[in-house]
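Below, chain A partners chain B and then partners chain C, in two separate complexes.
So, the complex of A and B:
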């Protein structure tokens, strides 16, 4: 199988409401941005994958609204309705299959235009769960409580995650919520759905991002140092929340094993230098670290308490500020990959970490992380 | 960016989508809701291979990927154990109950997997993990999930 690298990246600044640009404008901005980053032209892009969701965009076949804006005219284009990490899987497969030499993957969402509770309510089946009014926040609250009840997690540790990630966002000019917080401020923030407080929750965000993938024979077309796709894994659990043990992210464990195996990582805790993971809610960061096998069941809180996951810690997690600091749905997972790329290039600016040779990027789909995608990226 | 773009008043257009559907409940789901409606019973289905008792019942075991025959249907509950719960303190238009209210994962006696429903008929502060609960059924049932009005602590107040 050919080696594939990320050779161009771009992301918008993430904002609560971008009112002066529609989603095609955002896609044009990141498409031209990624081409500029790579020093390539649209003619060098063999095919395009768009990432969008019809409910968030308020129209069917939402991908078609951005075709012109991502330069897909006359090209082979297809779409992923799901997190951008899965869009990158599709894009990479089109190169691994030998069908194309380069792929542009673009993702957009403007969560501010619709209604987050109503749209996320619609992810549940219409017969058993949706009529009850469940949505992204209330279902996550059930998972957070399950994490407390079954693994002894505690809200003080989650408050530390919120303090850390919003603090890290102060060094990322594209993040939406740079904040200088204390644990007490997080704990005193408004209770949204027990045990989750306002500052445990990611914001509503608008934004877009793009990456350019290239096979090894084509990476020299980019002026950037290639960042290689070393491994990927993905898996899904059952859909009904009641069918799952919400405190045990089994799909993530499976996805991680596959990604580590493909990347040839036998001791991921030692071999992975840093992590960008999908912390849509503060509790998710330690829970996903447990699922990734970086610590044992219930051990995620200790990592944050001991400062291991700080930007200057031994295993930096979400030095970009994470999803807690900017959550453009679908876009956010691909942003995790972009942040890993910037770190490995050594161009992450004020939030650059010291040792960034192998990084892990993670995305989720469905309620409470029903499916997970794990990427390992590396400098060679 | 050229100057006029930055200076143009950004307009928004207020719209919305209302789409009626008539969702097929399916044979298994229909039987589940008819049992609930006509007999007030909550049914489940046990996989003949792995033995897991699934509620709501399934035509296929989602793990073993085999058909679960009628003979493997059984009644579960009505009593159950509250596994985990949340109290929702914000409001949105798709909520059928006014906040604050509680959702819980409830494992019915005899079932291996949980269902999600409301816990009500009691003070929210008295809801605890591990407590025994029972469903409060509506008198006039229609064959949908709201035929269970909510679950309530055993010994608690009723509708």
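So, the complex of A and C:
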């Protein structure tokens, strides 16, 4: 299998509501941004993967709106509907297949233009689940409660995650919610869906991002230091929440196992230097760390309490501020990959961590992390 | 091109206007089970899945995760691709890259749609830009009517010429036990059918169907063990060039010209009309069966009616087109492109039964959709 690297990245600033640019404008901004970052032209892009969702965009064939903006004219192009990490999977596959030397992957979202409860209610079974009013937040609350009940998780640890990630966001100029918080402020914030409070939840964000992938023989076309794709794994579990053990993210465990195997990681706890994971809600960060096998079941809270996951800790998690600080749906997972790339390049600016040789980026699809994608990126 | 990839199994549902007997998951399961049966494989042999449809037809968001139980994808890798009408072909091409990449050995591509649960036109109207394009090119038929009118005017094509395409596809469908519309029609039937949007009449346009398709793609090593005659992928090519209906050159299907040209080059095909043995073309309306033949390069501009009237594309002709009955007989939108790929593969595998084209060794399958976009696959009996 050919070696493939990320050689160009770009992201917009994430905002609650971007009113002066449409989807295509955002995609044009990150397409030209990623090309500029790499020092490449659109002629050097062999093929394109776009990431969009008809529900969030309020348009059928949502990819149509960005075909011109991403420079796909005359190129082989396809569209993944799901988190951007899955878009990167397809983009990399097309290089691994030997058909293309470079792939541009773009993702956009303007959640501000839609209704989150309606759009995420529509991901559930229409007969049995939708009438219950389930949406992304209320289903997450069920998972959070299951995490408490089965694994003894506690909400104070989650509050610490919120404090940490919003605190980290102060050093990331693109983040939407840089905040100086205390545990008490998080705990005292408005109850949204028991046991989740407002500051346990990620915001609604508008934004876009892009990455350029290149095979080994083409990385020299970029002026940037290549950051290599070392391993990837993805997997889905059952849809019906009642059939799942929500406190056991087994699809994540499966995805991680595949990614670690592909990357040749035998001892991921020791070998991975840092993590960018999909913390759409505060409880997700410790739960996903457990699913990734970084600690045992119920051990995620302890990592937070001991400061291990802080920016200056032994295993920094979401030093960018994470999804809690900017959550453009579909875009957010690809942003995790971009943040890992910036750290490994050593160009993360004020949120640069000290040891960043191998990083893990993670994205989710569906309710309560029904489907997970795990990427391992490294400097070698 | 990387690893060689072949189609080793194909399954489809019995398509109908309304499949009251099954829900979406069961429809998907029916196609997956038939594909596995066709390849004599079990779910354990499948490493990954890729699914596609159009969200707004059934109103289900995140179909890849919603469908896990129907797919049998528990703890398997799965994601969704979607590109409008081209979705079915897009899913096939995605499955091809899954295997060609070396990540997986056997991958299932699934396309489905339960149009009976949808307001098809209501959904499709929203693909056009809300401010500039939606009022003039609303829904699927209006832009096709513009295309047909331009083509008729430029080359002196008649509505009777187009009707000949419907007659061919609908009579082929009689041989396909899975087709939605299995009743042959005459030129007079087409000409006398109700006008929808000038010059498109009811029998000039595809139906909307409930149905699903599943196609298994395998690596070279697996393909030889699964299937005595795998259907090898020789080339894939995609062009989704346009965003605005107002930007389209309605005298040519530029995307199909460009994608076919690239695919023929990869596959080493110089004279497609002579070298190909069978075509499964995504022809959503009769006029496409003329003009798009020209875009593929089967004949010069304005010459397609001659091919049709001479019977060159009939089952008994030199290049049979749409032995399955095509899109004019069955149109479960997210599955439609994948049905073209599966049917083309069946021809190569020699499993097409009553609709088999004798000795078919090289086939062309296409997808059409979005803003006059095209996907092209070349499938052959010989390992590329």
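Here is the rule we go by: the second predicted complex is superposed on the first by the 380 of 380 C-alpha atoms of A that agree within 3 Å, B and C clash if a C-alpha of one lies under 4 Å from a C-alpha of the other, contacts with A are read in each partner's own complex, and residues count from 1 in each chain.
Please note the rule applied: a residue touches a chain if its C-beta (ideal position, glycine included) is under 8 Å from a C-beta of that chain, and two chains touch if they have at least 3 such contacts.
No experiment lies behind these values; they were computed from the predicted model shown.
With both complexes superposed, C is the one of chain B and chain C in contact with more chain A residues.
Contact with chain B, but none with chain C, is seen for A:132 once the two complexes are overlaid on the shared chain. Applying the stated contact rule after C-alpha superposition, one finds that A:250 touches chain C and leaves chain B untouched.
In the superposition on chain A, contact is made by A:123 with chain C only, not with chain B.
Touch criterion met: A:58 reaches chain B and chain C at once. Using the contact criterion defined above for the overlaid structures, shared-chain residue A:74 touches chain C, although it does not reach chain B. Contact with both chain B and chain C is seen for A:238 once the two complexes are overlaid on the shared chain. Of the two partner chains, chain C is the only one that A:89 touches; chain B does not reach it.
When the two complexes are overlaid on their common chain A, residue A:146 makes contact with chain B while staying clear of chain C. Applying the stated touch rule to the two superposed structures, the overlap between the chain B and chain C interfaces on chain A comprises residues 58, 126, 238, 240.
Contact residues on chain B toward chain A in their complex (touch as defined above): 5-6, 8, 10, 12, 15, 17, 21, 23, 25, 29, 54-56, 62-63, 83-90, 92-97, 103-105, 113-118, 129, 144-146. Taken together, the chain C residues at the contact with chain A in this complex read 1-3, 54-56, 59-69, 73-84, 90, 93-94, 96-98, 100-103, 123-127, 129-130, 236-244, 258, 369-371.
Taken in their complex, chain A has these residues touching chain C: 1, 24, 53-55, 58-61, 63-69, 72-82, 86, 89-90, 92-94, 96-99, 119-120, 122-126, 233-240, 250-251, 254-255, 258, 365-367, 370-371.
Touching chain B in their complex are the following residues of chain A: 19-20, 58, 115, 117-118, 121, 126-135, 137-138, 141-142, 144-146, 149, 190-196, 238, 240-243, 246.
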